[in-house]
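Okay, so chain A shows up in both of these, paired with chain B first and chain C after.
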Partner chain A sequence: MSGETGVATGGLVDPRLLEILVCPVTKGPLRYDRERGELVSEKAGLAYPIRDGIPVMLPEEARKLD
Partner chain B sequence: MAESLTRLAAPAKRAHLPGMAGPDAMQVFDRRLVRRRRERAAATVEKVAPILEDCADRLLDRLDDTTRRFARALDLGGRGVVAPRLTARGIPFVVSADLAPSMAARAGGLPVAADEEFLPFAPGSFDLIVASVSLHWVNDLPGALLQIRRALAPDGLFLASLPGLGTLQPLREALAEAETGLRGGISPRVSPFPDLRDAAALLQRAGFALPVADAEEVPVAYRSALGLFADLRAAGETNAVLARDGRIPPRALLPMAAAALPQGPEGMAPGLRLLMLTAWAPHESQQKPARPGSATHRLADALGTVERKAGERPGG
Partner chain C sequence: MSIRTDIPDRDHPRAVLDAEGVRDAYRRWAGVYDVVFGGVSAHGRRRAVEEVNRLPGTRVLEVGVGTGLALPRYRREKRVVGVDLSREMLEKAAQRVRQEGLSQVVGLCEMDAERMAFADGSFDIAVAMFTASVVPNAKTLFAEMSRVVRPGGDLLFVNHFAAESGLRWWAERSMAPLARLLGWHPDFALSDLLDPAQVRVEAMEPCQPAGLFTLVRVRNHAAMALAA
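== the complex of A and B ==
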């Protein structure tokens, strides 16, 4: 896992927090994209940004997936 | 306050006015504006820390009434005074959520930017959720309470305080009177606040068990109305009602309203009536009413009397 050693984009998020976060729209699971510093909800088609280590779980701030 | 805040505010979108048909008919508050206010207030909220701390202490006193130990807490909109208190009480895992990322960052727990109307937490994530003076800018309070209940594990505790009916009432009246005199009409400049009874009913509706709601007057006084306006701004609590008047208010509005505010010996009391809500996520261990017809003993036997059928008259 090469991604484990690199510094996460957007800052580090506590793993205990990642464990309980879900998509605010669908309440479905999120995939942590370390490279982009995003939490991805495939079901909602949204990627929530992580800024300065803060997951920004606001639908209006999320990037729409193609 | 009202003058500068209205100037900063974007004009209200007419399509979103409450009372109009459409999907936004129930929207009372401009959530984007609430978020901007909180973003900005992150740098100034320290100034009103004593009031927020007083409110938080009053709410967290409720924790002393239970012998339960909590391990996973969520601080919703605590603005820097709630999470440190939860940590000080020995709770090892505290998450701080706020609509504004900058406010979440200084709240004291693990920060998350989240909307109370779209909570991003898996079911049963917490055994304690605390919302100290933070749910009064939510449009869909029943929906937010439902999501809070779901984010709690069974037998988890929810503590919330929010300004109730009567809060800022002197200011509401003074502004209305001044504006009527100047413009011949009024626009909403102070948020609508819920009544105690509404709050209790909402908890029940959201599926909480053992809901309790009571009210506390928090003694706050200002030497002048300007001090109150400055504090409201510092806390990010200025007008975000969608139906607010987007025009610049008349120059004389604030001085007129300020002059009309009643002054007591302690100064000007704006009225802060906090509704305190306590409720639990349902669990089978909790006391609940027995099912009708499940009694094993007759009430008449316990009372040592003769049971009479309905409609039957004594001696008749």
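== the complex of A and C ==
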């Protein structure tokens, strides 16, 4: 685990998983922000956090975009 | 077949399960879940994964992956994604994936099974083991699983479904108000998950011990997702 966490904030997410993930609110596309370790839904104005390589796809846990 | 397929006549209150209640219950369960529940559910879990392994298609979704008890059983050719609402359970699953080097597991996500964050038709197979009676609304779970699986794919459920009649149905019904404490509906019936008049069940198989659990397989149909 310690080797992985340095690669991307929030931990590594398999590209095959990123490919099928959408925003649970809008079902629209997500942008992967590697530096912040977030999956950003511009349409919903929400950024879903990735914690220890596990995307947290819950609107109530997401950060609201300004 | 000893499980009831009709709509049960419930004559007393059934506690409402909400996402927060489910999460709280499984936070309490996380530490002891494998010990208390692992054994009794082992056969149903093994049978379900055998079915998944047998079916065509590699893209597999496990809804309610929990601590990942089933993950080591998937064939290496399968590409498994697991989702759960419980952070504590997922952390245990992630630990299992790392420790056992389970390369068939593509990833784990914290997600509400009734509102999944996957594009339509992302999977060939979706399997929910002991999950259908846990979510607040099983019909929504069914519709979501139907949406994220391609038309012609397979939906599998292993669950305890309420008995047709007799002492067991009476006991299950009596426990119904405890749902919020337990984290599942003891009186859960097949008709709570799907409409038997609309959905064709391909296979139904009782699982040990004593047929307490049933494995149900449904062929996914494009129209089902639209109906939801």
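Operating definition for what follows: the second predicted complex is superposed on the first by the 60 of 66 C-alpha atoms of A that agree within 3 Å, B and C clash if a C-alpha of one lies under 4 Å from a C-alpha of the other, contacts with A are read in each partner's own complex, and residues count from 1 in each chain.
The working rule: a contact is a pair of C-beta atoms (placed from the backbone, for glycine too) under 8 Å apart; a residue touches a chain by one contact, two chains touch by 3 or more.
All figures in this text were calculated on a predicted structure; none of them were measured in a lab.
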Partner chain(s) touched by A:Leu21 [first = chain B, second = chain C, both, neither]: both
Contacts of A:Ile54 with chain B and chain C, given as first, second, both or neither: both
First, second, both or neither for A:Leu65, with chain B first and chain C second: neither
Touching both chain B and chain C, residues of chain A: 14, 16-17, 20-24, 27, 48, 51-58, 61
Complex contact set, residues of chain B against chain A: 32, 93, 95, 99, 101, 104-105, 110-115, 118-123, 125
Contact footprint of chain B on chain A as seen in their complex: 14, 16-17, 20-25, 27, 48, 51-61
Residues on chain C engaged by chain A in the complex (per definition of touch): 79, 81, 90-91, 94, 98, 106-112, 115-120, 122
Chain A residues touching chain C - in the complex, by the definition given at the top: 1, 13-14, 16-17, 20-24, 27, 48, 51-58, 61
